[in-house]
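First chain A sits with chain B, and in the next complex the same chain sits with chain C.
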Partner chain A sequence: MTSIILLSVFGIINLFVGFMKSKKILLPLALLFLVVVFGTNLLSWNNGQTYFNNMLTIDNYAVAFTGIMVLTTLFILPFSQRYIDAEDENLAEYYSILLFSLVGAIMMVAFENMIMLFVGVEILSIAMYVLAGSNKRSLRSNEAALKYFLMGSFFTGVLLFGIVLIYGATGSFNITEISAANVMADGTTNTMFILGLLILIIGISFKISAAPFHFWAPDVYEGTPTLFTTFMATVVKTAGVAAFYKLMHSAFGDSITAWYPTMIAITVLTLVVGNIGAVIQPSVKRMLAYSSISHAGYLLMTIVAFNDLSDNAIFFYSLSYAVASVMSFGVLKLVSDERRDESFAAFNGLGKTNPLLAFVMTVSMFSLAGIPLTAGFFGKLFVFSAVVATGNLMWLVVLAVILAAIGIYYYIKVVIAMYMQPAGENTKVPVSSFATLVLIICTVLTILLGIVPGLVSDIL
Partner chain B sequence: MNQIPDIIRQVPLEYYLFFSTALFAIGVIGVLTRRNAIVIFMCVELMLNAVNILLTALSAYRSDPNGQVFVFFIMAVAAAEVCVGLAIIVMIYRNIRSTDVQLLNHLKW
Partner chain C sequence: MITALLLFWPALAALLVLLIKGQGAKKVAFVAALVEFALAIVATTGFNAADGSMQYELNLPWVESAGIGFHIGMDGISLLMVLLTTFLVPLIILSAFKHDYKDPNIFYALILFMQTGLIGVFVALDAFVFYFFWEVALIPIYFVAAIWGGVNRIKVTFKFFVYTIFGSLFMLAAFVYLYFQTTGTGIANHSSDVQAFYQLALSAESQSWIFWFLFIAFAIKMPVFPFHTWQPDTYTESPTQATMLLSGIMLKMGIYGVLRWLLPVVPMGVSQWDELVLILSIIGIIYASVIAIRQHDLKRLIAYSSIAHVGLIAAGIFTLNEQGLQGGVIQMLSHGINVTGLFFIIDIIYRRTNTREITSLGGITQNAKTLSIFFMILLLGSVALPLTNGFVGEFLLLMGVYQYNAWFGAVAGLTIILGAVYMLRMFQGVMFGTKSEVTEGFTDLTMNEKAVLIPLVIMVFWIGLFPNTFLSISEPAVMNLMTIINR
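Up next is the complex of A and B:
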């Protein structure tokens, strides 16, 4: 709760600091704000409370995911260095919008009432519509913003219709009361409830880009400036999946028969579409967009698992995925800004020109692919063991492992381009000291979690 | 003012349900078939208003103010969406002198 208030105030302060002539102070100030929010957020650990007349609950689950999201934003901001040098960029506004959208993300993981879920989703989405179109003169950015906006507001309507039908069936927006109403208990089929539930699942599946509602993701991720694509692929996805998980387990845990087949179908489709789609992409950015769809699939497996292990599995997987994504998108941003190219060829010879960037990219690719000694390996291991523990879903794990093996192919393609291909005309990529620091911290974190996952693997 | 829930209750609940479902479906069909970004946007607003009508009716039938409070949230959020959405459409119109969504096909796989 303190983090929500602090972020709102800090966002406004940031806007006013933007009036000053020098833009140099903006980045350190925004980073300081985020560190303060991260610290105050941790104070709520094991000190759960409800706010706003039982509409928000800050429990350990919310604190853990807020931690991931604030940390990710902290890692993303230093890559905006290039904007500082450009005269006409509205840097203060970008930082403020990012801080405000974090408020929405926190509301999404802490909601106790459907109203808060809806408001959180919208605060996050509307901020992202603006950021997607932040490159005003680029047609690609324009198109990404319009596509994201039209599709996003359409699926917001769908989400709302689902919420309303569930309200009609259960008479409440509170997830505890919806669970207590237990309309499926006596074996009757309540059409309104089931219909509402399915429509609600469609609405949220769009927000986390789960197939078959993923079609917007590759286009929007490609057109959006890479800095904000990173934010979409990490914070927005983490918030969406965490909200989805909480909704399914807290509000609809008792009516599992109504949504279980749908959820399994969505999970399988997302895994297949994400991994197969990524194989044929010519551009690294689109490949990463499809890979983020496939990671949504692995995260959805924790919702399907639905047991004691899945809480920690979704937390660890989100953390490892977010850190690895910051690294991969960060390196992609540095490389594509310099070489004006987002294809695999842009990475040719990076191992010679920038050994550090190449190493960071390799670690992040290994982590995303789930190769041992990186955090991604244990993320996948925990998710798969949670699904195995349900007893009757072995086929899903086998399928996911096969698709993860396919995933190694397209991740390794980047590594091969960096180390095996000649550099040709590609020159050294300049990296700011802030960005270098962040990349090193992320790499250390990924390897550390890959060696001693016990640090955070059972905190929930 | 006190009679408004009673007036709402003079029409059976099913009628509200069918009416708003139909309105919602018209909005969905509009989004899927129209090409002008502004018309698509109007269809999205139609969907949101279908939801508002259903919420009000359900809330009056259950004598539960929560539903009507939610309507205010939806209206506020829809207004915020209009601001951002129209700004995006104006930005695109300045670049391509059109609001036809089919002209925007630069991003494809």
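Up next is the complex of A and C:
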């Protein structure tokens, strides 16, 4: 709760500081704010409370995911150095919008009432529509913003429609009460309830770019300035998946028969579309967009696993994925800013020109691919374990394993470009010291969690 | 404790080597590898060879809540594999002294780092520890092969990497499944410890498919026909040191995996499919031998001969009798030594003549007497002449296969004849005959090259004349293994 208030206040302070002549203070200030929020957020650990007449519950689950999201934002901001250097006039607004959008993200992982879920989704989405189009003179950025906005508004409507139908069937927006109403208990089929549930699933699936509602993601990811794509791929996705997981488990745990086949279908489709789609992408950014779809698929596997292992599995996977994504998108941003190219060829010879960046990118690719020594391996291991523990979904794990092998194919392409292709005309990419620090922290974190996953693997 | 030291010393040394600029890196790497070998010798002297159970065990919590322990230790089979690894790595590093690879610090650090992965595979007593090191061994060798390799290296190593990971992911899925079938101790409901896996009583049906999940991973690594397609290209395109590591040690990971994680874990699955595996292995022997006869490139020829030899090892261990298993273990050592030596000799020839084509070579014996002798000894070891190391292994293996099925034994026995054909044909083409343009000024071995070959040749005779030194180390462990398989 303190996090929400603090972030809102800090966002406003940031806006006002933006009136000052020098923009240099903005980044350290925003980082300081985030560190404060990260700290106060941890104070709520094992100290769960509900707020606003049961609208929000800050439990350990919410604290853990808020932690991931705040930390990720903290890691993303230093990559905005170029905006500072270019003295972008809207810098303060960007930072404030990011802080505000975090408020929405926190609401999404802490909601107790579906109204709060909706408000959270809206706060986050509207911020993202703006940021997608923040590169005002770029046609692609404008296209991304318009596409995202039109699609997003439509699916927000769908989401609301679902919430309303559920309300009609159960008489409540509160997830505990919805669960208690248990309209499916005596084996009756409540059409309004099932319809509402399916529509709700569709609405959230869109937000986390799960197939078949993923079609917007590659275009939007590609058109959006890379800084904000990183935010979309990490914070927005984490918030969406965490909200989805919480919703399905807390509100609809008893009506599992109604959504289980749909959920499995969405999971399988997302895994297949993400992994197969990524193979044929000519640009690294689009490849990462598809890869983020595929990771949504692995995260959805925890929802279908639905047991006492899945809580920790989704947390660990989200953390490892978010950190690895910051690394990959971060390096992509640095490289593409310098070389004006987002294709695989832009990475040619990076191992020679920037050994550190190449190493960071390699670790991140291996983590996303789930190869040992990185956090991503244990992420996949825990997710697969949770699914195997259900007993009857071995086939899903086998499918995921095959698709993970395909995933290695496109991740390793980047590594090949960096180490085995000659640099040609590619020159050294300049990296600010802030960004270097963040990349090193992320790399150490990824390898650390890849060697001693026990640090955070059973905190929930 | 010494197991942990053996495991982590190369990784630490790799970090040290990474910091050294210039060609001094190779010297430090060589010394580090020698220290590692000394550690292995210390472990051997303190090893109780009469005991078939695990020794030097270390069991630390890793992911405690999940029952995953960092459990390592050695029995006789592990110890022999560790000895092989620690014996070969210094020689492999020494063999590179004449090369001036670019970025030497990274090159040698990767080799040492790979050694940690290899040792880890051989000492792991927890399924996830095993899988962890299984992949850790792959990453450095991929980079070594793909960065310092030949013209087609990128495409070839790409196939190698994706192919082997594809297989290992199935192994991971199988391990996760097995893990959930176990009952653990303490706070965890399940355990991934090897002993817990051995105590599983799974239905024949699930053993059947788990067998394939595990077997694919190991078969790709070995490689067993028809999973071998990545191998000849990768061996040919990799720099010699990587080829030595791949053929000398890494393929033993696959065989070792079968011994430790396949046969005892799913014995019923094995009894359902062992005949098919034997047939595949024997097809592999004949197929690879016939192709080897037709090869003109020396490296490719040895690569195919390696498939044939591994095919026989695979056939032997799947017979599940003592001769087959013991033969497999001793042949792993012999093959590692012979193939490393042969690849090194090819490298010597290539560096002097710039060609690996048999047809453009010839008459080397006239200039290089010592090389010819060493070459001949290693070659005879490889074709299993009595008194050499290859004989012991192949004899036991063929005996094992013969006991399983006389017809299989007869067909597999062709390997001796075919092996002699392609090896002697190669020797004839390369070493005898008239000198060609490129072998005109061929010089004999240097001190450095002798330093690599002499230990290898000593081992050829040691194993050939006194195989009991090694067989006695592995025997209790093999008997123990057979008890678990026949439980």
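We adopt the following convention: the second predicted complex is superposed on the first by the 458 of 460 C-alpha atoms of A that agree within 3 Å, B and C clash if a C-alpha of one lies under 4 Å from a C-alpha of the other, contacts with A are read in each partner's own complex, and residues count from 1 in each chain.
In the analysis below, contacts are C-beta pairs under 8 Å (C-beta built on N, C-alpha and C of every residue); 3 or more make two chains touch, one makes a residue touch a chain.
Predicted model only: the values in this text are computed from it and were never measured.
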Chain C versus chain B on the shared chain A, clash or fit after superposition: fit
Chain B versus chain C as contact partner of A:D254, first or second or both or neither: neither
First, second, both or neither for A:E93, with chain B first and chain C second: neither
Contacts of A:E177 with chain B and chain C, given as first, second, both or neither: neither
Greater chain A contact set [chain C / chain B]: B
First, second, both or neither for A:G454, with chain B first and chain C second: second
Which superposed partner A:V398 touches (first chain B, second chain C, both, neither): second
First (chain B), second (chain C), both or neither touched by A:D337: neither
Smallest distance from any CA atom of chain C to any CA atom of chain B, in Å, after fitting: 25
Of chain A, residues touching chain B in the complex: 114-115, 118-119, 122, 126, 129-130, 133, 136-137, 139-140, 142-147, 149-150, 153-154, 156-158, 160-161, 164, 167-168, 171-173, 218-219, 222-223, 277, 280-281, 286
Complex interface listing, chain A residues touching chain C: 366, 371-373, 377-378, 381, 384-385, 388-389, 391, 394, 397-398, 401-402, 404-405, 408-409, 412, 416, 419-421, 452-454, 457-458
Touch list for chain C against partner chain A, complex: 61-66, 128, 131-136, 139, 143, 146-147, 153-154, 158, 161-162, 165-166, 169-170, 172-173, 176-177, 179-180
Contacting residues of chain B [partner chain A, same complex]: 17, 24, 27-28, 31, 37, 40-41, 44, 47-48, 50-51, 54-55, 58, 62, 64, 66-67, 69-70, 73-74, 77, 80-81, 84-85, 88-89, 91-92, 95-96, 101, 104-109
